[in-house]
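In this document, chain identifiers A, B, C, D and E correspond to the written order of the chains, with residue numbering beginning at 1 in each.
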Amino acid sequence: GRLVLKGSTTVLPIAQKISEAYMAAHPDVKISLSGGGSGNGIKAVVDQTADIGNSSRFIKGKEVKLATGKGVLPVPHRIALDCIVPVIHPDNPVDDLSLDQLKQIYLGKITNWKQVGGPDKKIVVISRDSSSGTFDAWKSLVMKKERVTPRALTQPSNGGLVTQVATTKGAIAYIALGYMNKEVKAVRVGGVKGSAETTLNGRYPISRPLFMFTNGWPKGETLDFINFILSRKGQALVEEAGSISLY
Amino acid sequence: MTFSIQRSIVSGRRGTTQKLWFTLFRVAAAINVLALFAVILFIITRGLSAISWEFLTQMPRNSMTEGGILPCIVGTASLALGALAISFPVGVGTAIYLNEYAGQGRIVSVIRFAIANLAGVPSVVFGLFGLAFFCTVLKMGVSLLAGALTLGVMSLPVIIGAAEEALKAVPDTYREASLGLGASKWQTICRVVVPSALPGILTGSILALGRAAGETAPIMFTGAVFFTPDLPTSVFDEVMALPYHIYVLATAGTHIGETRHLQYGTALVLIALVLGMNLCAIILRSRLRKRSRV
Amino acid sequence: MTQKEKNTHDTIIHAKDLSLFYGDFQALHEITLPFAERQVTALIGPSGCGKSSFLRCLNRMNDLTAGTRSEGEVIFEGKNILEKKIDVVSLRRHIGMVFQKPNPFPKSIYENVAYGLKVNGITNKSMVASRVERSLIQAALWEEVKDRLHKPALGLSGGQQQRLCIARALAVEPEILLMDEPASALDPIATQKIEELVLELKERYTIIIVTHNMQQAARVSDTTAFFYMGKLVEVGNTNTLFTKPVKKETEDYITGRFG
Amino acid sequence: MTQKEKNTHDTIIHAKDLSLFYGDFQALHEITLPFAERQVTALIGPSGCGKSSFLRCLNRMNDLTAGTRSEGEVIFEGKNILEKKIDVVSLRRHIGMVFQKPNPFPKSIYENVAYGLKVNGITNKSMVASRVERSLIQAALWEEVKDRLHKPALGLSGGQQQRLCIARALAVEPEILLMDEPASALDPIATQKIEELVLELKERYTIIIVTHNMQQAARVSDTTAFFYMGKLVEVGNTNTLFTKPVKKETEDYITGRFG
Amino acid sequence: MTHSESTAAPHTPAPPSERVPRETTAPERGSLTGRRTAVGEWVAESSLLIISLVSILVLGLIMLFLILEGTPTFSFVSVKEFIGGVLWYPTDEPPAFGILALIVGSFAVTMLSSLISVPSGVMTAIYLSEIAPPRVAEWLKPAIELLASLPSVVIGFFGMVAVAPLMQTLFDIPTGLNLFTASIMLAFMSIPTICTISEDALRSVPITYREASLALGATPFETISRVTVPAALSGITTAIILGMSRAIGETMVVLMVAGGAAMVPESLFDPIRPMPASIASEMGEAPFRGEHYHALFATGITLFLFTIVFNVLAMSVSRRYRLKG
């Protein structure tokens, strides 16, 4: 059989790990996997060009309407949790920002690191493309629905954010936990470090569930695949991919 | 006749002015060539280490952080060839009509206007068009066929231009001689004009092929995908493509840092492909020029 | 050639009140000029006077230039060949043409001569071969090329190329041969060969030749027509015209006062 | 003009053993030819014989053609002007040139004539104006254009354009004027005007004129040189050369046996 | 000279049976007015004409689909707000669909890049056509053509990984992904266009003009600046317009190195988000036939209109030129 997965770049590392393990266990199954962002994943399910649409946000009302108009019933499956971590260049001494400071930075009100206790350096605000799930989460959890400054640079993926922050001294961005690496430095939010633990115990303020969407209740191969993710083994792989397992 | 003012020696103030300006002209030319070499050298030195037999012949593995780029190569080749298969007959036919039959009528000026504007349409607009028309209305979805068609209509003006130039280069005396012998127009075109223009037409087509192979924006929404585990088996399959692969690995990928060498390697393969085709065309053309001069 | 003898020849093609326009520019002004069968007529005149334009009316070659328009008649085989309904393809088989610059196709010598036969549907190999040979013999080229028939025609010298073009024109057996300065790009020896050829060919063909070399006109032609600024100034027996021109312009031109 | 008179003129420019190559092709073979001051010398010969190539050696115009190479000397003002170190820009101010096709710049009549002055650093307005007027008068064009000096030069007739080109060349006050078939594209009346102009100008300038019209050579020149296939076949007093040519080729050519 | 036989009735050759080979005399020919073979010629010409109409069809379809998918935008945002609004928040609740910042970004990057590409391209063209020894030109021209054939994604990639970091350290600016870097990279995309078309224009200036000037004792430089370049000016203008048209529509370079901030730039080193970049990066994720999707098509219309204007301008300049020439 053949499975097509599309969508969220946040979910991508998880989906990748799971797929490789799944294909190893079921050599007859071919899994095709691509990113593009959450909107893309949901769109793919609606257009029926994918069996599974990955998304780092819940489906929007408009998308449901569009889907039902085409006779598609998108069914969400929570497959993991994630926290969004603000990251800065490793040389930057700042290591804690309050939620409000983050908001002010992304509103374009705070423009220099010295305003938040850092060096005298312009802040380079980097954001995700507006249709990504991560951006969506950031907007509701940090920005409280206010608009990110138009001055913000944009990147189409978590990976893009990481490389740009790693090469830009004054940069700040926000990424999914799974993408953390040594090239960038994570910033605590209100004194809380983003991690599996703080997310699960609810202390870390910027976290969210990750989803896979299917058209109707999954059957056959798709069902098998979803079940595999939700299994103990699958959730271990979720941890390995850097995200947070559901249990 | 080649015109050359190389050997003029000018003295005095006018000579100094001239020297100054000529130096400027030379520098401008040199910078452009240097830019070319800078890009090529940069890609070669960084990308060479990534190139191996495996890189060229294997599927990507492990979230595309390992393995090869075979599907991209196959995808790009099929997209470009597919595009040519569409644009070549239409383009050459149009060129023959415009150069051999058309007078100065209303239709012809509309055709010429359309071609000139088609040549100026931004590639991303072709992408939008392909998405709206081929993918959606003609229900091809994101597929090799839709991508090739989009690239095909995009390279149409290039082929028409090249073919028309080749046909223009056929001396009128050949046409007159043939018609003067009682050959019909169509016979003249088939037996004298097109055979004489063929090498030039082919050269132009290779150039168009190279250009189609290097385009990204038109296939972004119409034919190319981030990742597909199979080589295309039908024209309705989605494909991976070298230019899009570079783009996603470099900006939209998940492991941008780790895949740098693959990005350089892919870029090297792409420019080797495109420049190789161009070089072929240029060499072919200069051969032709030399031959036709005799 | 006396006046009397000339009159014994029938008119084969006859331009009547022929005017030609390139767009708004009138290149020919009401030319009336009959051509006698199996005679050589030379068209002379200064550069730009319309010699080529006139010649190219006779086999409708001007059709190929966008924006041309003609008025008047050219009668051939009882029909006005300027009419729309005329089949120009078969017309040009009756009226062959040789151009100023030798223009063989980039094919072999044999292919060049056979071309006209092939496009006219003659595919029988032995028939084509015999016609190619005959044409090359007529064009006085056979001896020089018979061992290299399948070599590229472009390898021949200029004079040989021009004779090849004549052979190519003869292969389709036209009745009239139009020649536009056929020797002007050639050296003296090649020129002489072409002139001899013209004199020989007039046994079987009607020849209309444009030349800017007045001595050449005097040597090869029976009748000479002098064109000036798109008008036919004078036409007559070649000897008469060169010795006793009627018009002042003619005299000025043949005595080299301009051109 | 008798032989004796001619000898009283000094040689102003002298080609010695001049050979010219276009790449591998030798277009001129060791030409030795002196030119007398304030005389008209005509260069004649069939197409492609090297007349233009020779003329263009005299002001180093051949430098502009890629792949040319010359051997021998051309002595002018005691220097071999073929040497590398010669300042061709100032050389060309001494040796002006008029081309076969009238080639005025796409500027006004006035600008055309003033051009040479301006590039040579003469910016004083009234001086430029007076020189423009004088040159146009010398070129017998003043009367025709004095009311339209600031109209485009391309609006003039062919003959006027050619005289404008002559005026333009005269404006920088050269000593020698090279003319490459200056009247071949013109009608009889314009031709006659140019010829008259040449005869007038030789009072002050040395003129070397290429022509394919032998009567023209006979009319305007003191000396005629006959070129054939890159070689100088014969040179001498114009009357003598046309009436009693020494060489067979010369005779063949001037009697119109080819070309 | 255009070949046209439209005045004559088309014909094909006679079938062999009708062409009796003539021995010596006896002209037994097909009649001069025969219409027997018109069909083949007519079929050939008409099918070629139909093929030629494909170009019109394609351009028409492009316009049609841009309009079909783009105009629904104006049911939820007025044209004035769309063109004049500076806020581009297509996914917000409520969304803002103002593309002024994108338009300004496109123009800024096009203008700035032409400040580099126009002098550089034209001077290179002058060098190639007027000064370079033929042997050098023989090598240089293909090099410039190769520059044109470098895929835009490779130039963008090079800009991102090599030029942007360089700019960052060189000018000590917060980020190398900005208007300035994008302009430089874009300049290299339009230089070949400007250079080759200008060179054609310069080469088509009759050699006789140059000869006349040089023969009057003008220096080569004076000849170039006073005669050759003025005579080629409209061709050069066409080249410049087409080069700018190429720059404004170029996608990958601005997508990768312009920074992607939908703001009106205030300095050379501000990041921008030109129209093509916005379309390319957002189209993939815009819900099918949602507001965002339509707004991107409307942006496409805007971009298309700009390039059409550029093209028509270029055509009219070159037509004027042809009439004069």
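Following the convention adopted for this analysis, a residue touches a chain if its C-beta (ideal position, glycine included) is under 8 Å from a C-beta of that chain, and two chains touch if they have at least 3 such contacts.
Owing to the predicted nature of the structure, the values given are computational and were not obtained by experimental measurement.
Peer 1: Moving step by step between touching chains, how few steps can get you from chain A to chain C?
Peer 2: Graph distance in the chain contact network comes out at 2.
Peer 1: By number of C-beta pairs in contact, which chain pair leads?
Peer 2: B-E
Peer 1: Rounded to the nearest 5 degrees, what is the angle of the rotation that puts chain C onto chain D, matching CA atoms?
Peer 2: Nearest-5 rotation angle for the superposition: 180 degrees.
Peer 1: Hey, how far is the Cα centre of chain C from the one of chain D, in Å?
Peer 2: Their C-alpha centroids are separated by 36 Å.
Peer 1: Averaging only over C-alpha atoms, locate the centres of chain C and chain E and give their separation in whole Å.
Peer 2: 47
Peer 1: Could you state the distance in Å from the CA-based centre of chain A to that of chain D?
Peer 2: Centres of chain A and chain D (C-alpha means) sit 83 Å apart.
Peer 1: Which positions in chain B are in touch with at least two other chains?
Peer 2: Only 1-6, 8, 10, 14, 103-104, 172, 175, 182-184, 187, 251 qualify.
Peer 1: Residues of chain D that touch two or more other chains: which are they?
Peer 2: 64, 66-67, 89-90
Peer 1: For chain E, jot down the residues that touch at least 2 other chains.
Peer 2: As it turns out, chain E has residues touching two or more other chains at 1-5, 11-13, 37, 133-134, 207, 210, 214, 219, 222, 284.
Peer 1: Could you please specify the touching residues of chain C with respect to chain D in the complex?
Peer 2: Interface residues on the chain C side: 46-47, 184-185, 187-188, 191-192, 213-216, 229, 249, 252-253, 255-259.
Peer 1: Provide the residue numbers of chain E that touch chain D in the complex, in ascending order.
Peer 2: Of all residues in chain E, those touching chain D are 133-134, 206-219, 222, 226-227, 230-231, 324.
Peer 1: Please output the residues of chain D touching chain B within their complex, sorted ascending.
Peer 2: It comes out as residues 63-67, 84-90, 121.
Peer 1: If we count contacts the way the header does, which residues on chain D are in touch with chain E in the complex?
Peer 2: 59, 61, 64, 66-67, 89-90, 92-93, 96-97, 99, 101, 103-106, 115-116, 119-120, 165, 168-169, 171-172
Peer 1: Which part of chain B faces chain C closely enough to touch in the complex?
Peer 2: Contact set of chain B toward chain C: 103-104, 171-184, 187, 191-192, 196, 294.
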